[in-house]
Amino acid sequence: MPFEDIGFAKLDHHRAVRCGFPEVIYCLGKTPAQVAELFDRSAATGLNVLATRASAEVFAAVTARQPHAEYSDIARTITLRHTESERVGGTIAIVSAGTSDMPVAEEARITAEVMDQRTEVFYDVGVAGIHRLLAQSEALQRANVAVVVAGMEGALASVVGGLVACPVIAVPTSTGYGASFGGLSALLAMLNSCASGVSVVNIDNGFGAGYTAAMINKRCVASTDGG
Amino acid sequence: MPFEDIGFAKLDHHRAVRCGFPEVIYCLGKTPAQVAELFDRSAATGLNVLATRASAEVFAAVTARQPHAEYSDIARTITLRHTESERVGGTIAIVSAGTSDMPVAEEARITAEVMDQRTEVFYDVGVAGIHRLLAQSEALQRANVAVVVAGMEGALASVVGGLVACPVIAVPTSTGYGASFGGLSALLAMLNSCASGVSVVNIDNGFGAGYTAAMINKRCVASTDGG
Amino acid sequence: MPFEDIGFAKLDHHRAVRCGFPEVIYCLGKTPAQVAELFDRSAATGLNVLATRASAEVFAAVTARQPHAEYSDIARTITLRHTESERVGGTIAIVSAGTSDMPVAEEARITAEVMDQRTEVFYDVGVAGIHRLLAQSEALQRANVAVVVAGMEGALASVVGGLVACPVIAVPTSTGYGASFGGLSALLAMLNSCASGVSVVNIDNGFGAGYTAAMINKRCVASTDGG
Amino acid sequence: MPFEDIGFAKLDHHRAVRCGFPEVIYCLGKTPAQVAELFDRSAATGLNVLATRASAEVFAAVTARQPHAEYSDIARTITLRHTESERVGGTIAIVSAGTSDMPVAEEARITAEVMDQRTEVFYDVGVAGIHRLLAQSEALQRANVAVVVAGMEGALASVVGGLVACPVIAVPTSTGYGASFGGLSALLAMLNSCASGVSVVNIDNGFGAGYTAAMINKRCVASTDGG
Amino acid sequence: MPFEDIGFAKLDHHRAVRCGFPEVIYCLGKTPAQVAELFDRSAATGLNVLATRASAEVFAAVTARQPHAEYSDIARTITLRHTESERVGGTIAIVSAGTSDMPVAEEARITAEVMDQRTEVFYDVGVAGIHRLLAQSEALQRANVAVVVAGMEGALASVVGGLVACPVIAVPTSTGYGASFGGLSALLAMLNSCASGVSVVNIDNGFGAGYTAAMINKRCVASTDGG
Amino acid sequence: MPFEDIGFAKLDHHRAVRCGFPEVIYCLGKTPAQVAELFDRSAATGLNVLATRASAEVFAAVTARQPHAEYSDIARTITLRHTESERVGGTIAIVSAGTSDMPVAEEARITAEVMDQRTEVFYDVGVAGIHRLLAQSEALQRANVAVVVAGMEGALASVVGGLVACPVIAVPTSTGYGASFGGLSALLAMLNSCASGVSVVNIDNGFGAGYTAAMINKRCVASTDGG
Amino acid sequence: MPFEDIGFAKLDHHRAVRCGFPEVIYCLGKTPAQVAELFDRSAATGLNVLATRASAEVFAAVTARQPHAEYSDIARTITLRHTESERVGGTIAIVSAGTSDMPVAEEARITAEVMDQRTEVFYDVGVAGIHRLLAQSEALQRANVAVVVAGMEGALASVVGGLVACPVIAVPTSTGYGASFGGLSALLAMLNSCASGVSVVNIDNGFGAGYTAAMINKRCVASTDGG
Amino acid sequence: MPFEDIGFAKLDHHRAVRCGFPEVIYCLGKTPAQVAELFDRSAATGLNVLATRASAEVFAAVTARQPHAEYSDIARTITLRHTESERVGGTIAIVSAGTSDMPVAEEARITAEVMDQRTEVFYDVGVAGIHRLLAQSEALQRANVAVVVAGMEGALASVVGGLVACPVIAVPTSTGYGASFGGLSALLAMLNSCASGVSVVNIDNGFGAGYTAAMINKRCVASTDGG
């Protein structure tokens, strides 16, 4: 059965086979009851489940049926891990510029981990005090892929891109005001990065970056063999 | 010596060590003589050399000194391969929507190949006749990473993203007119892809996509072990 | 009497003659009392009545005077059908990408039905799992006109446009975040569709799409003779 | 055989079956030789052929092989009609605001005619002298569908939309300067039309409007039975 | 004394001499107490006083000190007329497209009247039912200047501009949704009007239009001598 | 006969009656032959004729038939004055910021004069050296209406608006580079003028400003009676 | 120790050495507890402390630990001055256009003062009544650097720039409505200033302007020796 | 005599007194003859003269009258230095990201030098190879003010801003393609810099940055006393 029609949605059960991971539940524009229903059906497949952009109210509806589901306040994700798969191989570096970029960085980290990948975080290392980043450059070099999260002028993606040999997934955030135009400044900056190997996802799309990074990392041999 | 100052430029000789590939020469805004000089110095390292956005006039200047350099009319690249490294492991799929997207797709393909990666092309498979794409979905599944090149509404990235288990690097092109606003329509569409695992590079940046794809592919085990 | 002046508005009574359907009441920027007054006067013509963008409060004011009026929570429409006209001839396909596009899709469906046209819905068939759409392509072929509702990258309009022989009315929705810029990404994508036969209405304008589709369908012979 | 691969393109031969008309050749970004090749293969199907955005140079290449092909200087189209199909049924009104909108209007007219539909033109009837339009309103009422072509403020689409009972396909043009921003002003105006039944295609997309109008008209009974 | 410094503001007492009308009080960004203070000092000059964008709370503060001040709920203006000057000469036509444009139209009307000019209103005469406007064209011809208020596609300004011999001050409004982008669509349309004699003020700036119209009208001889 | 159909255009002969001045010929998008034809027919009415955006080549075609037509190199206008009407009453001030704004300012001046109005020019008085403007403030006060032409930041409109009691028609120009975005910066600045009585026309639309100013001035009593 | 890692942030203690002033605390996106913690650690260095964009709730958390901290309601800053350094040398002029620009101007003033610089304020001197500004031009000439704060059309920066011999730091504000687009109009105007010596900071960034002005002023000799 | 009227321009002779440097000649939109005339009159004052955006043709006209004038091919400036003033005190650092930013950087350098300031250049030190910049950080620290020139993502301004204690004047350049939108990406990035002390001039405005830097530097004591 390639998909299941439950009225307000058509569940793509075939997706895990085709794409390697089940459909993720995006909570915006869905009622708590709808999310809970979708979460239940996903949980029934025996695979890990992830819901993003979930409010506390949505989590309440989900946890009523799935008591093992976990909520992250800061990332606004709900996760259910059936079995803690052994995480092997290389790591994904999650790098962020400032404290206010942390919700997006955490969404990326949790997404990668629910897909059974190992992560290492490097937070608050924005370019205004670049020694904080340079102090970690050896650790950064160990990653198979780096997720770089930054708002405002988004310069961190280019600087990291110039320091490492692995692909960089850049996530612009809506952090900032005025001429940041809701993240547009960081988005354009990242798209125009002078460093090679930087690709970009939507503003505040920590999920998309974590997902792409996980896709890359799971195909990699251990980082000691990489590069 | 981490870099060499030749007046109009500071060559980053350390880059191959740090990032796994030497600096690529971006020809726009440089004179033929400047490009030829930079090409020479890069060639002297014994590594493969790539120059992008090169006019025929620039190639003439380069080839006068480097007779083994090759030019692609359509992609406007100059390449020099010292030794044809054995290309092993998985492949990179290069997918494009229409005939006018071919220059960008070719730039991606040539970039990946000069970095010693194997590619497979799927051209003119835009969504208006989706059976052309679906006919190739098995072949697509074999890739470790897919580069998807499309202008206008850029829908191809989402459709491919929904068919494969590997990361998709989407390249919007400036193909189109009117409300495509020089590629903005495809860029926004790709950033908002409903398929997971799609990340985006700048408009017409075939080089960036090929480079990122090569970075990913070289870390992968053969595709039969992937996913 | 071509129009009637009731102070805050000039009712265009001539419109049903000239355009085939009476003026529709757009509720935004009008008080409940004003809508109720306009609804009453429209009802007095003996034709079907439609009000869009109606809050529950507005419906309360209307229903106090017109107890047969019906409200759709999800589409935020108020309708009054005097006589259930026999719906004959072909159908209008209402196709939507995701659950959160449903309010707009429902506004289109209800608009077409209050204009006495038959509809068939195809919801949650976005391109990330394209087999859900392809599974319905025969059914889609039966329609005289298709309304396609999608947010984010709006790719569904192009894919449907490439599958059918009838005109497609595309409705971008404001579903999404970040670089969707309130529906701009889907709007631009749809305007740049590589499929022929796609025309576009305003963001979230389910009404406009349903109305245009009804105009087309009512002039068509039964779909078995179409194409 | 659903499609034919000729190297630089994959011809979608199945399209005429699926969508009711063969693939149209969009000449921008293709060499004269490529267009001539595609034109030849399309002509071999025995169906009418249309190429848009064709320069005189492209036409020279086409006509060398297809002496019966015809060129429109103003619309920049190449057409080949195998048999003059009898044009029956209703008409398509082609309405334009000013002299400089004529190339786009003509592209729409020729597209509709190569698809065997009847057209009637109403040119230079912009709203600054609205009596010119009103003088034709009876004639306009006879159409099954109207294509309205206007640049600058694009007001004509709304005015026509308020006068007729048939759907209006609005085409913004890039006519104008300054704050017309290449047709953006007319595009936005048409998308926000206060008249119901107006849908919009890309800036300067006369082809798209003519195509959509033809799709609608061919499904219609004669206009005397419409409305 | 050309201006008076009261701490949070420097009152431009010289303005009435220089520009023919005292400073108008723009209430946004000022506290009720600040507005009341400014209103008092303006009233002390013995000239008429106008405050715009005033909330009910601001009016409460003003009226406590100036019991003769009047408030318009719909236009959100506070006015104080010392002596009802005899309004002589020609009139200003205030034309609006729809019911939701009325607050802006009323702000224009009240502004012109507090500047001792005569006005005549033509409301809800949008172009979707153009006979409503044409029915008033003789009355419109009598005006010395017309203020045209419209949102959405803003077409009304061009149509009126083509009907009259007097200057048209066009006011785009933020009425609409989606691609109206907060009034941008109407603004661009009005700036690109194909009718001569149309000039434009800021989105929702009824005050500016009323003020400019008053400036024009007070210099005119009676309309019977105009044109 | 309200209009005359000459194939590529419908001449609005009724316009002089309705709007007080015949149709002006906008040359862009018309061939020299078309302009010459339109010019001839306009000249035959015995009224003054104006063509804007005319190249030297267009003028050659016109002057072959109308030897009394005059061309302005800088404003790119062609004018034909049948009888030098006595210019009476007040004046129109034409104010410009810099030397590169002169073509637009001249288009405004010539337009106003062909409509039989008196003008006075104040050129190169931009705000960076504001004493140049202040030195002329008494002369400025004499005008019935001021046209202010400025590019870049467009500040001149606000400064003039604060100095005079007459309406200001502001014309943004495309003078500038970078973030002037083709005149957008000046356009937005003028629309947001803090001075009352400023209305705005399209970027580089000297004609529109001159036309509007003439409409205003011809209704005015002599300036000594104004204000 | 160049920086200190406190979990949610990495404090850049080296900054005061490198850049001459400690890190400033930007409160948006941080909890009151986080700000209080950061404020404490900054205070412990014995240098002056500044927090911007602070709500009253944040101040409550800070003052609980640092009773000498001071709050500005209007500028929303928290400051702590350890020792009132003697302010010597020249002054910074803080110039603002209108009452609603005062919060941004005050943020600039407080920032400069916490960095031990002298300031002089010139508020409500917008260009619509330019005599208010000109009356102060001698005083303005005394400054070593001027901060000019204006919304709407932002013309004040150009006018001041033309009057003084010192650098001008222009701050666009989000004051305004409609086509001010949240401060974009003032931003573009200031970037396109025709006066030399004007540089610009982000919309509403009073802090950045005050900081830059302080950097400049502290390097200056007393103003009597300047210019 | 505060200004001189020479027909097409009003020379602001008072400017050198008021602002410390004579008017600079901006050549765009002026004829060679006009520039030569203005250059002559400026030279007659005995002060240094600067013309920007000058073509070789313009230089030919100038040099015919002023044989000592010098031309920079790359910066497109014409300069005339009457007496080589002794350059004393601190220096201005001119920092640029890539080879194609050099024309703008050179315009800044030449401007500062014609204003008698000392400069030190740091070219091709973009962030993709950040060790090139860090290698010069001690030298950078010596400057009183830094001009940072960068296109694409403009990250260099933030990185430099975080390394130095002096103000940074950031100049975005139009270097780049696609989503750089003619320099918009770098402009927005620089306006949103996370480093304090960065202010921004217009895209490609090397002159403005050099001018502002000179204004700052001439007021500074030698850098050893700075900071």
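The first chain written gets the first letter, and so on, giving A, B, C, D, E, F, G and H; residue counts start at 1 in each chain.
Keep in mind that, in the parts below, a contact is a pair of C-beta atoms (placed from the backbone, for glycine too) under 8 Å apart; a residue touches a chain by one contact, two chains touch by 3 or more.
This one's a predicted model, so the numbers in the text were calculated from it and none came from an experiment.
> Check every other chain and keep only those touching both chain D and chain E; list them.
Chains that touch both chain D and chain E, as defined above, are C, F.
> If you take the chains that touch chain G and keep only those that also touch chain H, what is left?
A, F
> Out of G-H, F-G or E-G, which pair touches the same way D-E does, with over half the contact pairs the same?
Interface equivalent to D-E: F-G.
> Is the number of contacting C-beta pairs greater for E-F or for D-F?
E-F
> Between chain A and chain B, what is the gap in Å from one C-alpha centre to the other?
25
> Averaging only over C-alpha atoms, locate the centres of chain A and chain E and give their separation in whole Å.
52
> Quick one: chain B and chain D, Cα centre-to-centre, how many Å?
Inter-chain centre distance comes to 36 Å.
> Which positions in chain F touch two or more other chains at once?
Residues 98, 128-129, 162-163, 178-180, 184, 187, 191-192, 196, 202 of chain F each touch two or more of the other chains.
> Throw together a list of every chain pair that touches.
Pairwise, the chains that meet the contact rule are A-B, A-C, A-G, A-H, B-C, B-D, B-H, C-D, C-E, D-E, D-F, E-F, E-G, F-G, F-H, G-H.
> Enumerate the contact residues on chain A facing chain C in the complex.
Residues in contact with chain C: 2-3, 8-10, 12, 14-15, 23, 28-30, 34, 172, 174, 182-184, 187, 202-205.
> Considering the complex alone, what residue numbers of chain E touch chain F?
18-21, 24, 144-145, 162-167, 169, 187, 191-192, 196-202, 207-209, 211-212, 215-216, 218-221, 226-227
> For the complex, which residues does chain F have touching chain G?
97-98, 126-130, 134, 152-155, 157-159, 161-163, 176, 178-181, 184-186, 188-196
> Could you pull out which chain F residues touch chain H in their complex?
98-100, 102, 123-125, 128-129, 131-132, 135, 175, 177-180
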